Structure formats: structure tokens, C-alpha cells
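Chain nomenclature is as follows: A, B, C and D, assigned in order of appearance, with residue numbering initiated at 1 for each chain independently.
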Amino acid sequence: MIVVMKAKSTKQEKDEVLKRIRELGYKPHVIHGETRDVIGAIGDERGKMVLQSLESMHGVENVVPILQPYKLASRELRKETSVVRITDEVSIGGKNITIMAGPCSVESERQIIESAVAVKEGGAHILRGGAFKPRTSPYSFQGLEEDGLKLLAKARELTGLPVVTEVINPETADLVAEYADILQIGARNSQNFALLKKVGQLRKPVLLKRGMSMTIQEFLMSAEYVMSEGNDAVILCERGIRTFETATRNTLDLSAIPVLQVKTHLPVIVDPSHGTGNHHYVAPMSFAAVAAGADGLIVEVHPDPENASSDGPQSLKPAKFKEMMEKLKLFAEAAGRETE
Amino acid sequence: MIVVMKAKSTKQEKDEVLKRIRELGYKPHVIHGETRDVIGAIGDERGKMVLQSLESMHGVENVVPILQPYKLASRELRKETSVVRITDEVSIGGKNITIMAGPCSVESERQIIESAVAVKEGGAHILRGGAFKPRTSPYSFQGLEEDGLKLLAKARELTGLPVVTEVINPETADLVAEYADILQIGARNSQNFALLKKVGQLRKPVLLKRGMSMTIQEFLMSAEYVMSEGNDAVILCERGIRTFETATRNTLDLSAIPVLQVKTHLPVIVDPSHGTGNHHYVAPMSFAAVAAGADGLIVEVHPDPENASSDGPQSLKPAKFKEMMEKLKLFAEAAGRETE
Amino acid sequence: MIVVMKAKSTKQEKDEVLKRIRELGYKPHVIHGETRDVIGAIGDERGKMVLQSLESMHGVENVVPILQPYKLASRELRKETSVVRITDEVSIGGKNITIMAGPCSVESERQIIESAVAVKEGGAHILRGGAFKPRTSPYSFQGLEEDGLKLLAKARELTGLPVVTEVINPETADLVAEYADILQIGARNSQNFALLKKVGQLRKPVLLKRGMSMTIQEFLMSAEYVMSEGNDAVILCERGIRTFETATRNTLDLSAIPVLQVKTHLPVIVDPSHGTGNHHYVAPMSFAAVAAGADGLIVEVHPDPENASSDGPQSLKPAKFKEMMEKLKLFAEAAGRETE
Amino acid sequence: MIVVMKAKSTKQEKDEVLKRIRELGYKPHVIHGETRDVIGAIGDERGKMVLQSLESMHGVENVVPILQPYKLASRELRKETSVVRITDEVSIGGKNITIMAGPCSVESERQIIESAVAVKEGGAHILRGGAFKPRTSPYSFQGLEEDGLKLLAKARELTGLPVVTEVINPETADLVAEYADILQIGARNSQNFALLKKVGQLRKPVLLKRGMSMTIQEFLMSAEYVMSEGNDAVILCERGIRTFETATRNTLDLSAIPVLQVKTHLPVIVDPSHGTGNHHYVAPMSFAAVAAGADGLIVEVHPDPENASSDGPQSLKPAKFKEMMEKLKLFAEAAGRETE
């Protein structure tokens, strides 16, 4: 932490700040500038958030943090990208580009089986599908709940594809974990700390979506919540942030990929379906995500988007998905990756 | 809903859209424009979200909603502003400007009692204080939990001030409701739908904070979640939205007050402490909130901000709070309101 | 400037940075931290932007500026709020709340005269009206240009109200300055540096609007452009920033008022018409602006908004303006100000 | 346009709206809904902006535009992507991915010649370099002006690379056009309509950068300004938008590429240097831009970034640029494009 003093701070004010820094267990170090002094506080940076309270002291202009407040998620802790193992065949973060695909919601046995077969045929490695649905309106379809989980398990049995599905509260997390291979935390729950702690205690990989107005630093702090409970198998997912632009549902922030690769060892995937909200833009943004270095994609595919009970406009039809996967192969190769 | 067809859509494409609108239970009405056709879908607007899926159909340019999707929260349903009763003496939404004040977190018996006495003395009507704290970092202070609730109850007993405190997950909601007079839903949980449903089932007033990247329409949909479970006692709280500006912690959107007054009958209060993140800006923004028509304020006051375990920089000292309350009276009068 | 070194930077890398800091004319000062070193660069802060280039050096994590880069606009330079004198009777920044009002565009002699008489009658001190109009579409009305300026002069002659009007390029700035009492720089030109320099060379007060995505620091840098050419008579105008919220045309950032009061001595006014885009919200946001400490307002008033050639939806009718001004008086008094 | 009436609008209010629509030259068409009426206004959509003023009428809830307000820039006008020809060898918008590269500012003869030779050697087709620099601070380097233009011409002569450079005001536009092959309009001038009109009258291709808070629709309206003056040779450039995220200088909105490809026939390039502000992120975002369908890139390359007078941290060294270009070739091929 660097404490910047006001230009006209008094000696007494400076002394109070020095004293308080020492009380908090840090070693102060003063730099006398031409117009003002700045004070460095030396010691373990991670617990230094408490130093922020020095901003309330007389004579202090502001307090500037130097280090990032996450530790377990940090690239400094671990140099190689973590590979999150899902099954013997499927993992995320290695040479392979891992593709998760399927409908927004599980709607019926026929729909999810048809979807699972189609996405497998198209080249997906993991089946996605929501059983518990967080919807903006209380009057919208809220998911089939446990029945939906059972249908996902059936689709897995049939196709061999592991399953990723969303968990929306701590109370039903154990239930979801019985059925799912990956527990998804949605964007709206990305700072639901009670839920993050709960999935941190479970022994299943976690797919953590970035919140709509979450900085990359906050995103990593949410990953840190899961990891600090003992669960290291966290997969980060960029899915678009909220900006002033309305031509797309969200603004897909692909620069988050290289930024995250510098800051963390966790693998990063991209959701081009929620990121754009429009099936026309899913293929180009999938190619771009892989080119930017993503370790995988999560894509909405529905056999009949016009009759989908949620997210129809952003879902690909199976034939379009297959066509996209064929082109994606070329971009994966250009990136030195594979899609098998 | 208005379905806008592409300039070159075919007759067959239009017929398919008309057929689908009828299947969904609406009556289509075509307007033939000079360059393209638009189709109105007539029927109960509230369930029309499903019509959005028509965007997936061939020949459709886009689908434009006409009505707002909330009902119980709507000003159309109820013309007068709702008055939410807390105790025999205290309510929110009437002629009085209701002031909630206290520390960010309950830290100790001495701290919360001292705070309660000070804010009562300064003119507050309700005591605030967090027992369960949602913190961005897992390494920050997470609150005293049930012990904190007990201390709040003790402070209430001593001062007579009712208590507002945050509930952070469905599992502990009943516990919080045993102690609190108002259940606060924080900004990060504003779309935690499982939690919204849970507090909708309890019989305590709910203080719902706007999410950091929440549109006003989404804010009202979250209120609708609580209300649709049978709890009408919802108080909305504007607490700043996330923008590119970094001079303040958030950007306090005071125009949300008159916008909400047009759209909903629910009372609206403002949190200038989180809205600005800096105690220097709390008083002017409090005055502005009252001038813009707010029904109340929630303000962070701490006897010793420099040693606060959270949010020190944005907390007022008791003397400053009292000074602010005296000036606030003048603005309340200018607005035709009272602060007694 | 504080240069933060990487955790694993080598001694040679540090030496290179120290050498470069000295070459640029600053004195380096090293703080040895537990996990990394930080280096302070001591010397005149204003020219330090060049130090930002150290981010390109090996071993450097990032460079953190300590001071604000403006000087003439800074409150440190001048403790009292500057009073910008317009005429013998009218000035901005003193005890009085100064009101500028009138139509978005000058449309005809009858319209501007009628507007001028009405806003004077309502209590305005300055007449606004656009002769050169920057419009998003090339097919929209672009203003009456010099004819519009002449009509403004006629309205001034008749009512005695000084005139504020927009200047949109350096070529026509001298022409506008012949007629106008205050030169307005619009939000879209707030970083048109060629134009800022030009009005800095003229001897007329400048009303500088904040750009739609301009930070407060950039806003003050634009003021600094005008002032660095010798023109100190700058009035800042908050007019709403662009955010994700679409219920209002922009998000009026009233917290910019107290922030600016800390950082600069320049007077600050507010434009509630562009800030909200809706005449229903103009009165409450005007009251809030005054309560937050604004030195004045600029408000769109039109005798016939339904037939206005621009900005009809956000213009007040004269009767509504008069009604608002009467209530505004009460808020001005609460703020210890006057509106005479 | 669709005019949505309030639920309780009276017959007289509706009649007034119908009358006004007819007066403005449109044909009204009423749809009677269950809770409210909506009125379509049929006629040439382009001039309909004036209909927006109907929002001021009694009984009107809001006015919803159906069509986009641009015409010349629209994909409806012209189905194939426009190819903008620069020289006999170089054009933008065809099969080739066109690369513009060079320093932010022209600093000296040696620097620009060295840069030009290096970027040509690396595979660039066009040399970039600023002679007139729009800088946030009046105290920053403002460019070599005409001397810089002469040095660019010298570099062109030596290498054969055509030159793109920025024009910052109408007064110096003719001078820049004497030297430049492409006239660049910077992000801060993207709604400087006087400047847009001026370059629309010149007969040189225009590289138009998206403003920091510009919607895609506004971006196309700015292109329309240039085109409506007779200059069709417009190249659009996505360069990042301003959001809450601070880990990158801007948020590069790559989804703008497929969105623009649907809406306009103009070619689209990407600026990954300003888009990210950090040379580490330039290569991955360049690859992603090409994968998303961009027609070209504009990249900052400097022989000595640590001593650059502007934008050092985001500039590539020549060796890194060459390395990037070699990989870019693979992504271009995957996209069915070439980089020769």
C-alpha cells in the first residue's frame, strides 16, 4: 500500500499515520516528494485491505493498493495453466479446446436427448442444460428442477457426455452435485458469497461465470472464495459485460482472456451465446475466442430455437453448430490447439 | 409486442409468423409499411416474453416489446405511493423522510450501542448494521453473524430504534427475520432469485438495493419476485451504479428517483454512503436525494471510522451526521416533507 | 509516480529503471517490500506523464500516478471558487444560483423572442439557444447559423438577457464570439482540442460541457486546455454520462458537483434537460442539483415543444418552467443561496 | 415509427396524435390492443426522426423507431462489402487482410524511417504515424505538424507504403490531405460533425474510428455524415469502448465486427493497440479480430517504445510485430483470407 499525503498535511498528521501503520503490523517508509510525501507500508500485502481505512485519517489524500488481493488464483503461485479434469477423457486447460454445448433449459426428455445426440455428433465434449433457472421475471419458466437433473443424467448415460448445469442456491447445491459433472455459477450469482463458499466445499469442478459488471480483479476474488474453501477445480467463463451498447445483449470482453492468462493459472472459456444474445454472432465470436487463447467454449444449441422456453434468439440449430465446429477446427489449429 | 419483418421477407415467412403468433394465443395485426411490414401481437402483454423467440424465425428483423413486464410493482396497479409500516411510530413512503443510520458492520457491543445512541441523538429513525457481511474478499471480516443480530436487538431495546440488517442466503433468512425489523437485500444479491423468493415468503418488510449494473426495469422485476410470493412491503434503494467514473466508488443515479416514481408505487430511499464511497460527499448527496423526491436515506455512521472493520472511508462521524441532519431538515421542508 | 516492480525482477532490471528515471530528470527512491520493490520518482509531478513509458521496461509491473495532471484548474492553486462575470448584473459562481434557459435551437424570430420573454418572466438570468447545431444525423436540422446568432442578439436587446450559444468549430468561433456572451462547448466537442485552444484565445467566458464518457479528471484537463491559452473564465457543466441505463437519455452524475468542488475552483452548473432527456424529470433533478451545491442550471424551455425542431421531449413549457423556478427558490434558500 | 399510447389515453388525445402524424406527411395506422392502443406511422422512415417529438403530446407513452436512420452506409443499399482502394496495390475490404502499422507519433526522421522500413519488413501494407496529435493534456507532446507530414511523405517515398495520418480540425484538413493517402478521424473527433463534413468533401479515403462511448448506430451515422458529402470511401475502425473495466485501457468490442457486417457494406478494421493499451495483449486480440471477420488491423509499432513520446506501453517492437504477423497468416488462412 502507498499512502499519499495531502500537499499541506502537518507533521502531526504524518506522525499519526505512521503510528497507525505500525499498529496494524506494517513497517512505514516515507518518501519526501517536492510537493507532498508518500508513505509506503511494508509487510504481507494480502491482509492490507485494512490499510484502506487510513483514507479516513486527517492529512491523507488517498491510499493506493500495489498488489492484487488474491493468492490461490494468482499466476504468481503457479506458473502453468491448471488443467481441470472432468472425466478420464475430458479436461479443460490443456492442449484441447473443450466445447460445452446444449440447450439453455432442459425442457423435456425428447428435447434434451435430441440435443445431446446432436451436440455430440457436432463435436461437443460436454453437455450443458439448465434444470434450475434464474430468470429475471418471476413469471418466466423456472426450470424442471430435479426432474431436469434426472433427464440430464439420462442424456449422459446415452451419449457418454459429462454434464454441466447451474446451481442457484446453497440449499439445492448437494442435490445438483449428485447429478452434475460440473457445477455452474451463473453471472447473477457471481458475488453470491454464500453460494461460492458452498460449492467450494463440494468436490466437483466449478464453472464460474463473470458477473455483468464485474472487474477482472473481482472475478478472481470470487474464484478465490471457492478455492479458499478447498476446491481448486475452478474454470473461469467470460460471458459478456454490461455496457451502453444495445446492438448486442452484452459486450463480450475477449481481452479478458489474455489479461486473465497473465494474472491467473485457472483455465478460461467463453460463452458467445450470452455474450452476444444473437445466434448470428455466435460463430464469429467463437472463432475469435479461440484465436484470443480461450481454453474452451460454452454454446447454446437447441433443436427448435423458435419454440425454446428460454434464450431462443441466441441458440444455434444443430446443423449450424456442426458447420461452426468444422471451421473452428481451423482456428484451433492456427492457435496450436486441437478440438478432438 | 411488435414484430418487425425484414425489408425482403417473403409472403411465406410472414404467414409462418402470423401462424406462430396465433398458436401462442395472441391475435396478429399487420401494418403494411413502405419498405417493410410490422406485425402487432394483441393479447395479455405480461406473458408475451415468449414472443421474443420469434426473433429466431426467418424473415424477422427484430421483436420490440411495448409494455413493461411487471404488474404488482407497477404504478398502473396502484396510484398512491405505498406506505411501508415498520413500527407504530416509523413508516416509509409517507410525508416523513425516514432516516436509517449506523455502522456498516456490527463489530462489538460497545460499538453498536454507541452508534445507536449517537444516530438516535442525531435524528435517525432506524438503526442499520450488518451481522452477515458479503465481502468481495474471502479474507475480509465476514461479520459477527448471530452474535451480531443479538447485539442489534440489544441496541434496539436500549434506544427504541427498529433495526435493518442484511440477509445473505435463504438458509439464514429465518434467523435474521427473528431479530430484524427490516430485511435488507444487498446489491450483489439483487438478482439472487432464490433469496428474493425466500424473503417474499417471510412477513417482514424488505429493503431491496439496486444491483450495480441493474436497469430500473430489472430492479422492478426483482421487487416483483418478492411481491409475487405475497410480501408487498418492499422499499427500493438506489445505491449507485457502476460506470467508467472512478472518482466515486459508484455513480449515484438520483434520476432513478423520479423515474421510479412514475413507474412504481413502492417507496424509494437512497444510500449516499455506498453511492459515493467517500464521507465528504455524503451530505451533499443526501440533500440532493431529498430534493429529488426520495422517501428516506440509509447512511453509514461510525463512532471511529479510522478503525472500522469495513467501509471506514465512507462513514460519517456522529457529529458530522448530526450537523448534516440539521441541514437536511431545511431541504425536507423545501420539498414539503418532514424529518421528525 | 510510483513504479511497481515485478516480484521476480532482477537487479539489472531495477538498475535500468533507476537510470531511466534519472535521465528523465527525476530522483528515484526505492522501497524494498517483502515480495517486491517499488520505486518512487521525485520531482515536478506535472510533467511526469512521460514516466508512464516505463511500463514498457523489463521487470516493471505497472506505473501508478500520484498526482492529478492539471494545474490552472486545480483547487490547490486557488482556494476560493472563481466567480465568472458575464455582465454587470450576471455572474456565475457567487452566492446566486444562475439560471440559463431557452430553446435547444433558434428556429425563428417569433420562437426565440417568445422564449426569451418567457424565460425572463420565469426568472432566468441568461438566454440559451443554438444557432450552430451538432446533430447525430446529417439529415436533421443543423441550425440557422449566422441568422440564428442575429436573432439571439435581437432577443438580448429586447430582454436584456445575455446569451449563451454553442460554437462547433474553430472556423466559425470568431463569428459566434461577436454575438454571444458565453461560448458553449458541447459534450461531443469536449475533447476537440483544436476547438478548446481556439476558445482559449478568445476573450469570452466558456461554458464547457462534460463529454458523455469523460472522467472528471479528463473534464478538468479539457478546462486546462482552455485556461492554458489564457482564458480563465471557464464554467463547467455536468450534463449526464453514458451508462447502461436506458430509462433516461443519460445518467446525470450529480456527485460530480461535490467532487469537482474538492478538485477545482471553477464554478459548476448542471443541465437537467440533456441529463435526463425527459421534461418530467427536469424539475426534480434541478432541485437536486441545487441541493448538491451547483452554481447554476441550464434548462431547455420551448413555447411549443411538440413542434420543436430538436429536443422537444426534454423541453419544458414556459408555465412549467415558471412553476419550477418558484419551487427552486426554496431549495436555493435551504442551500444558503439566492435565485434573484 | 410506432407510437405507444398510455393505457388511459382519451379519444381526443388519440385524435390529436393521428392529426399530427398526418400533418407531418405520414399515414397513421391504429392497432387496438387489450390494454392500450399503438399507432404505426407509415411513410419514408429516414425523415421520421421528427416524429420523436410526438413523445411530448398528451396521452403518448413513448415512440419506438423501427428503422435505422442511415441510408448510404446501410447494407440494404449495397449487398457486397465495399472495397476501398488506396493505391494500385493496396485496398481494404477484399480478400486481403490489410495491415496498417507504425508509431503513434512521428517524432524524428530517423524514427519514422526506421519504423517504416521495419513494418514493411514485417509485412505491413500501410504506414501509420501521427503528425497532429490530439492529447488529453495541453502539456503533452502535440505532434510535429507539417514537418511530421513531410517526414511521412519521405518514408512513403523510401518504402512505397501509403500513409494514414490523423486530421484534427477542418482548418488543417486540406494540408493533411496533400500528404496523406488515408485521412484518419480519431475517436475523440468521431462526432465532430464539422470535421466529418470537411473530410466528406475531400477526395481521400477516410479511416473513421469509433468514439469511446459511441453506439454502433451512432458510428454509422458518423459514416453517413462523410458519405452524405459525397465521399463513399469510408473505412470503419473499432478501437475499444469505455466501460467500468480498468485492466485494459478500453474494452475492445470485437462483436462490433459481425454486427457491422450485418448492418453496413463498409469495411471494418480493428485497432488492438488502443483497444487494450498494453503491448502484451496486441497479438492475441489481433488474431481474434481476424477470426471475427475484420478486414484489417491498425497496430502501433515503435523501434524504441520505452522512449516513445506517446503510447509507449501499447507499442510493439519491430521483432514482436514480425513474429505476430507470421502467426496472423495462419488465422487469416483459417478465415479464408490472405495477408499478402
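Worth pointing out:
One rule holds for everything that comes next: contacts are C-beta pairs under 8 Å (C-beta built on N, C-alpha and C of every residue); 3 or more make two chains touch, one makes a residue touch a chain.
Since this is a predicted model, take the numbers as computed values, not measurements.
The interface in A-D, A-B or B-D that matches C-D, meaning over half of the contact pairs are the same by residue number, belongs to A-B. If you average the Cα atoms of subunit A and of subunit B, the two centres end up 26 Å apart. Separating the centre of subunit A from that of subunit C, both taken as means of CA atoms, is a distance of 38 Å. Per-chain CA centroids place subunit B at a distance of 31 Å from subunit C. In subunit C, 213, 242-244, 246 are the positions where the chain touches two or more neighbouring chains simultaneously. Chain contact topology: the protein chains form a complete graph, every chain touching every other one. In the complex of the two chains, the subunit C residues touching subunit A come out as 2, 4, 7, 29, 31-36, 38, 40, 42-45, 64, 66-67, 76, 242-244, 246. On the side of subunit A, the complex with subunit D involves touching residues 213, 215-217, 241, 243-248, 251-259, 262, 275-276, 280-281, 284-285, 287-293, 327, 330-331, 333-335. For subunit B in complex with subunit A, the residues that touch the partner chain are 20, 46-47, 49-50, 52-57, 69-70, 134-140, 168-171, 188-189, 191-195, 197, 211-213, 218, 221, 224-225, 228, 242, 279, 305-309, 312-313, 315.
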